[in-house]
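In the two complexes that follow, chain A is the common piece, with chain B as its partner first and chain C second.
Our next item is the complex of A and B:
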């Protein structure tokens, strides 16, 4: 038995917002793959839960007229992975969320929960950072849009207010069209794993595919929150796609990240992994963008 | 003929469809739940409890502490009881302990209406301790002036032992020759946990004077005895029931929480109490495999002859003795039993109390650790003289007919060298050793191997006894009751095959009782060592012969036929002279039950006191690909070859090997229970403790050399534990071949590899 004192199944987003607003102790739950584990550990003993599970308002994946991709926060990882709408455009994210936990977790866990949990190890986070995702949040006073770069307020913390619900993740056309992207999750095993370090690289090449036109590099678990590497990205723009650049990228990102030294992994180890997976993700992203690395 | 057939497991359908009953499926009505309160320090004394707030939680029935339990220390390992005091297991813990000896020690217990109330109460209990500086490593605990974990054991050494083989010491052997190459190393194995699927769980309830405990255990008859020893309840008033169990691997060869649960039940008027141990508690507070440091040296002649070796093994026991010194004693015996030293072998071992989780039995009983040390040393000696490590092993490994000079255990059958040759072909050893020479670049491949030998049962170190009962049913089928336990390894299936083989009754008419109930099941010490197919199989064979004889005697009476001319074949009574079928066993059974003339319920039972033992052996070959900049080892191909005598059920044997190989992969590459400086477990959960998943597991190849063993009931010998033994050193040696880097401790996890590869200059900026 889980130690929960109240459980309220919301009938709509507005209903959920009202329920959260009425109870300062309430917390939202969607797929439950984080909340229930934390509850079992005793962290939320006696919790009051407001369930967003199954709300149709949160479950759609659609494309707006301007090409913006909109992913309902209640979409599960497996729905995203298998979305015929998303795969041609942002396969990096589709593949990234396919590396979460296990098939059972991916069938229950939602992208909204992954983002709202706020942890640096979330498998969706680096890709969403590299895609300049915008988070649509609804509260008692209506909706607001928050760029993901402004979302994280610290380890496990976000700017979401107590009575706000994340409704959708939005990705504008300019952030995916013409890009090749690749995410590498580094874990100690191939499934049921939390990321030791994750790196997403999204690259757009020039028309002749020889130089970098735009580059985004994002890391998970390389700092207290997911981070981008703006200096390295700027350095690469206009550069020829060659081995010298690959090498330099790996060295450069190390100046922009600050991974923890912990019993799970030492800082020196994480830096080595960051350097290497950044290079490998870049190579693959270039290949997906139609280019090749010259010697 | 049932022996040698890959018949389907007798429990396959029930387990796959979910109809098989495990402990939690057998819940009595209206049970209470108990929760153990664990210490939050690793070493010290409990001074006082503040229970007021916890007792006020609605649903809390009672809280009992270390100040309430009987002042009786008891032993927990699943060994046969020794009637000689000197050989009895160490009795060093109570039901709940005032003296705290590891982080997570049992100091109190809450009984409540449900787990939510119990959990809430547990968070509200305040404990006052006197805290001592804990010891995480054996070196800390053995340091001069270290505080004693158990007052009666000076220097924190539970036992020290040693032996010497040969006429001289190691140093004398080395001094006697000029051109020897010596290798001196320290090899370290890590603390790992069994991670059986079903955590320890039990129900206890009282009816009259009788306490019944339903428990997920490998050793029901020993659990009965230890409950009695711990609580003072007469042994005959205790009834232990063992249903299907979800794995044990040796952790449930300790008496874990059954005595506490039985006692808690008596404290609430005999009401049923359920005691579930969570996964996190299982990691911290049950048993682990001992971490052992092996300080070794080897001297080898340039022609590849091992001249002498020596070893000092220090075993980290944790806070209580449990199986104690027998594990590291077995580990140093592994040095003696696997290779021949021309002049000298010196081995010493210490079992050292510390304040980490308690070491107990785990699949291989010291030999996975020993094999890592012997097989790293063999590899490093071969490397030092530039000899092919397979040829080195063939030249020096133990040979047919070997008898241990101290325990007198022998290879009664021998297939080690054939196993090495078979593995050599299956992995394409010679081709790959040549192909993977002189690689460059970030991704490199290698191939490595390791060999082992393993004694089947525990004779003569400990008693080996097993019993079986066969009861004729009215339809001519037979009920087989064993004291030996099915714990997932397939024991019930091979016993069924043996019973059919010896009685002539077909396997579909052999009904085996999978549950043990100590009130009705004959005695057996349980599932441990690699003993049951061998030792308990002897009991099946002996009982089956008696049972068949009784049926034939009745048939002889009923048919007016000379008994010596009768036999049972395929459920029929046949004339052995003419081959004629006379009657079915079913007809004879009906007559025996209901005869107005001579009614007889035909049953037989026998105890087999086994006074023999034999070595099994084998090897592992692994081909790996090492991703140097990421510190990752991918096992491309892995082959175990086993010399386990005749296979009773080849498909089950292969499955046993696959499971062991999987454990070996985790031991090699990822598993380690970590402790901080306060001896607190850091990763005692299945997210942070890296048990390999199916996605981490390559195709596993199981192969055999079947040399019938003359002492086994059907030519068989050990196979339960051996598959888990040789994988880790084989992988370590393959990584050495691939990269030139020798890793001397387990596991070969990415961070350790990155550090070593960086030091070796293999990683660029």
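Our next item is the complex of A and C:
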């Protein structure tokens, strides 16, 4: 038995919003792979849960007319990984969420939960940051769109209000078309592991594939929230794709991140990894974008 | 607080009164006597409680029983043949000596059922990843992977014969 005092299964998003609004102590639950496990550990003793589990409104993956990819917040990680609609466009995210927990966890956990947790180690977060994802949130007064760059308010905190529900993650065409992207997760083992550090690189090259036209670098666990490296990104635009740039990127990102010492890894070690996986992710992203790195 | 749910368990429609706080592992074990579903870590790490819900492998320890309402659940008890024979998957596990203490086995068998259900070919590395949600402290996984490889190959051969 889980230690919960109240449980309510919402019948729709509007119903969930009303239920959350009516109970200041209520907490939303979707896939359950965080909430139930934390409850088992006693972290939410006596919790009140409002379940979004299985709501059909939240389960679709679609493409809008202007090319915006819309992922329902209730989609599981494995649904995203296996989506024939997403893979050709944002394979970086499809592969990133394929590194969460285990196959069973990926059949249960949802992208919405991963985003709403607000944790810096969420495997989807660096890719979503690099893709300039926009979060669609619904509350009693209607919908609002929040760029993911404005979403995180601190460790485990987001700007989602108590009675708001994340309904979808939106990725506009201009943020994926023509780009190559790659996410690298560093962990001590390859499964059932929380990221020690993660880096997503999304790059667009010039028509001749020799210079950087657009670059996004995002890290997880390199700061209290997932972060981008705007200075490094700006520095790289217009530069020739060569070994000198690769080297400089790794060095430059270190001025924009602030990892901490934790039992998982020291700050010094995280900085070392950040430098290296940023370079490796960039190399792979360039290859995916059709480019080559010259010495 | 009890709630009535309707679940198809191993092909049979069941009407159950479950506590809303209950996890599916407990419902299957205690209300239906399906003790192939093992209680291991109970936090989604070990995979001993793995069952299929609508064909997908999930950790039943992190799954509220009320969520199963209207869905179909499969456990090891549900994969035997019409006369109680072992399934080809179970036979492969035995013949490849993929079973030692047996505690992780039912969960792994259910993941194998999911894998075979895709009718796809997998190499050993892919299989390694697909069983990464299961902990086995006896075998060292080698024989489990041997069994998995064999099941996948046998299934594909069967599919080819049918086509």
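Following the convention adopted for this analysis, the second predicted complex is superposed on the first by the 295 of 295 C-alpha atoms of A that agree within 3 Å, B and C clash if a C-alpha of one lies under 4 Å from a C-alpha of the other, contacts with A are read in each partner's own complex, and residues count from 1 in each chain.
Keep in mind that, in the parts below, a residue touches a chain if its C-beta (ideal position, glycine included) is under 8 Å from a C-beta of that chain, and two chains touch if they have at least 3 such contacts.
Owing to the predicted nature of the structure, the values given are computational and were not obtained by experimental measurement.
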Which of chain B and chain C A:242 touches, first, second, both or neither: neither
A:186 touches, of chain B and chain C: first, second, both or neither? first
Which of chain B and chain C A:272 touches, first, second, both or neither: first
Touching partner for A:213 - first (chain B), second (chain C), both, neither: neither
Touching partner for A:264 - first (chain B), second (chain C), both, neither: first
Which superposed partner A:194 touches (first chain B, second chain C, both, neither): first
Which of chain B and chain C A:23 touches, first, second, both or neither: neither
First, second, both or neither for A:174, with chain B first and chain C second: neither
Which of chain B and chain C A:1 touches, first, second, both or neither: both
Those residues of chain A which chain B touches in one complex and chain C touches in the other: 1-3, 190-192
Residues of chain C touching chain A in the complex: 1, 19-23, 26, 42-45, 47, 50, 56-59, 62-64, 66-67, 111, 129-130, 132-134
Complex contacts: residues of chain B adjacent to chain A: 114-116, 119-120, 123, 629-631, 670, 674, 676, 682-683, 686-688, 690, 692-696, 749-751, 754-755, 758, 763, 765
Of all residues in chain A, those that touch chain B in their complex: 1-3, 42, 45-46, 186, 188-192, 194, 247, 251, 263-266, 268-269, 272-273, 276-277
Footprint of chain C on chain A - complex, ascending: 1-4, 7, 9, 32-33, 36-37, 40-41, 51, 53-54, 78, 101-105, 107-108, 190-192
